[in-house]
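This is the structure I have questions about; it appears just below.
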Amino acid sequence: MNFDKEYFNLGVLDTLSYKNTLVHRLDPRTKVITTFAFIVTVVSFPKYEIAGLIPFLLFPVVIFALGDIPVWFILKKVLVVSVFAVFIGILNPLFDTHIKYHFFTLPVSGGWVSFFSILLKYFLTMCSALLLISTTSFPGICHALRKLGVPEIFISQLLFLYRYIFVLMEETLRMVRAKDLRSFGKKGQGISIFINLVGTLFVKTIERAERIYHAMLSRGFTGTIHFVLREGFGKKDFVFISATGITLYMFRAYDIVGLIGRLAERMFN
Amino acid sequence: MHMSDALLSPAVGATVWAGTLGTIAYCSKKIKENLDEKMIPMMGVIGAFIFAAQMVNFTIPGTGSSGHLGGGMILAILLGPHAAFIVMASVLTIQALFFADGGLLALGCNIWNLGFYPCFIGYPLIYKPIVQKGMSSKKILMASLFAVFVGLQLGAFSVVLETLLSGRSELPFGTFVLLMQPIHLAIGVVEGFITAGVINFVKTSRPELLESIAEIRSLSPETKMKKIVIAFLVIAIITGGAVSWFASSHPDGLEWSIERVYGKPELPEHETGIAMLLKTFQEKTAFLPDYTFKRKEDIKEQKTSDGEANAWPNIETGTSVSGILGSVMMLSLIVLIGFGIKIIRKKEAHSSKETSGLKGQGRS
Amino acid sequence: MTHHIIDFKDIFFRYPDGTEALKGVSFRITHGESVGLVGANGAGKSTLLLQMNGYMLPSLGVINIGGVELTKKTRQDIRKKVGVVFQNPDDQLFMPTVFDDVAFGPLNLGMSNERVTDRVNSALQTIGCLDLATKPPHHLSAGKKRAVSIATVLAMEPDILAMDEPSSNLDPKSRRDLIGLLQEFKHTKIIASHDLDLILEVCERCLVIKNGMIVADGRVSDILTNQLLLEENHLELPLSLQKNRLH
């Protein structure tokens, strides 16, 4: 993925996170907690599980719909990102060749079953992470983490990092573009050029840090960064967490798909 | 390489998270004790710099493939281990959220794999000692290469362990190791050169910058830490050695799975704390009433071991038909629910627009 | 608190690398004055501004602000009186949201959350950006960023406003809004700028700095019409005073 595109995507997600829908208005802690609960539940399924994972698709679908999140944009990110999981997972069929199922008459090896399980888990977990950031502004997530006990120092510098990512990426973009315009088609950069770029960027970064520090001092900074924290936990958060918790438990403990399938079978026979 | 949620089990993920959070808390405390006012904006902005730098492609000479900066060692050299770990953790957090790089459960592993080893082993035990005796550019290059190499090897090995202990991948230990370590050797060489290159660049063009950053850091926490880190390293080497011996002691050379060793597709018993809790949760949910074809499958799994060709009894066809039917219906239901919500919301938006339109007219 | 007089007496300043940026600068600015600071690039405008709140202390000479001598000990207090708006808003807006940025100063002054919120709201109201409170700074246009950076300083209710190139990077409309805003402020104002037309509209007095020394100090109407003086300092007559050049 090239720099321009990555930067653009970052901006889109960031803008999405400031929308105003039902989901966006939930307390960030609610969303962080439920996302983690979702991921842990999905990942807790054993390696050959496929059917049990399917009901979990309900969660991303509901959040997409309630939060007005563009589906194709997120799906593209999930599908295009080539990741460790897929690369490693695809080796499963090579090593696990015992027959696990018969798909009508076709024998299916355990390796393929576990691979598809990995794919499903990958899809569900990736969607939930992206949906978290699409529906919760990053500062919101930071404040949620602080309230959940993450150390102050970590949170403060994380907020600074977030604030300056866009500034620094723009600066980097300008330098990369300037270099590209003088490269006449050679893709990427040689290592020495890269080192120069990074070195120059670093120098600019430190100079910027000095100026920021000066600006902080000018407004009375004495070492601690204070925040006025507003929003709180509301009724809707309580409802959301309970509903999610119960549903996650039901989907994990009970074989919903099998149930529906058997009901359907009975109806058709 | 980034660890992924889909390859993790909750127990392994939670355990490594506990280690990562503990380290974050420790580093935060250490930084607070000697906090220079400039530290927090400096860390934040340098983090943003690493993030931006990581997104630039460069071509690796000889291979033609493109590479990216890791940055853990550069951070450790510039900011010292504690601040560097925190910055690395922050950068990875942003990546996990905005780029879905690995996932949120795996984030704990990624922070550990990519942050702990450069900051607490590579830098204090390798880079610093070499460079303390004189900072020539050759020394910096050697120190960087060696420190980065060790850091990456340890990180890559951790990925192997985390994947193996989670039991979602079928890749045998030996094959996995043979895959990961050489790749990270190559990555390490490139990263080492880049690290040294950047440090030398800044040293030559703006040495006073490096000095001003060094002033902001404090030196006392680092020297006391050496003993702890050496102890940890010794333990790690012993554990690593034991594991390798275990793997190599099997006749077919490379096959090693937890089921063989422990006799069941479960994790080792000596897990404590959250891991234990999660394991209990896992066990409890597997045996609740009204639990049908999933349960049979698990029981089958426990009774058979890997490698045996296993033809299921006829019930399996029945369950797989109901499984497929159920899946299709479930999917359709979910899609319907999704569209339903969208339609309801469109109607709501439409009607609220109408009423606000009326209000607008009424105002003038 | 003697009416917030700014008094520079024979100020010399040398940078760590040896550059002598200020070589004997003296002037006195009284309460409510609106002063422009002009000069060629590198003449010392920014350096002079940076002396105002003590980030850099003079190598020689004495600065007095509001009757208090500017030293390492007193500069923290003086910063409550002198608000500096920097050239680059991205350096000044370092918090995750606009509200957080404008609240930064008042919070550092130790005010309660309610008082801080009041200050923030009134500052944002003044610049007409109350609706931007929850936005992150990187979502703002250049004009809005500039306005918000002024608000971050206003919220501390300083007596003196020092600004470095306030109209740079602004489109004509934003620039016009800025000029309107500055004309309303009753604070003592020192504005360093290349935008001579802005200085013409906003300031009554003008200092010309060259090679670290003040070479002219007078009324705006005298200085900014003096073509010779301006051209000696790599400047031109304000565009609004030039004869129509379009043929």
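Note that the chains are named A, B and C in the order they appear, and that numbering of residues resets to 1 at the start of each chain.
To be clear about the criterion, contacts are C-beta pairs under 8 Å (C-beta built on N, C-alpha and C of every residue); 3 or more make two chains touch, one makes a residue touch a chain.
Predicted, not measured: the structure shown is a model, and the values here were computed from it.
For this structure, the chains sharing the highest number of C-beta contacts are A-B.
Among the remaining chains, the Cα-based centre furthest from that of chain B is the centre of C.
Chain centres here are Cα averages; for chain B and chain C they lie 47 Å apart. Taking each chain's centre as the mean of its C-alpha atoms, chain A lies 43 Å from chain C.
As a whole-number value, the distance joining the C-alpha centres of chain A and chain B reads 14 Å. Each of residues 41 in chain B touches at least two other chains.
In chain C, 94 are the positions where the chain touches two or more neighbouring chains simultaneously.
Residue positions 14, 138, 159-160, 162-164, 167, 208, 212, 216, 221-222, 225 of chain A each touch two or more of the other chains. Across the complex, chain A is touched by residues 1-10, 13-14, 21, 24-25, 28-29, 31-32, 35, 37-38, 40-49, 51-53, 55-61, 66, 69, 86-87, 89-91, 93-94, 96-105, 163, 167-172, 175, 190, 193-194, 197-198, 201-202, 205-206, 209, 212-213, 265, 278, 281-282, 285, 288, 290-294, 297-298, 301, 304, 306-312, 316-317, 319-327, 329-331, 333-335, 337-339, 341-342, 345 of chain B. Residues of chain A that touch chain C in their complex: 14-15, 18, 137-139, 142, 159-160, 162-164, 166-167, 208, 211-212, 214-222, 225-228.
Those residues of chain C whose C-beta lies close enough to touch chain A in the complex are 50, 53, 55, 76, 79-80, 83-84, 86, 88, 90-97, 99-100, 103-105, 107-109, 113, 116-117, 134-139, 152-153, 156.
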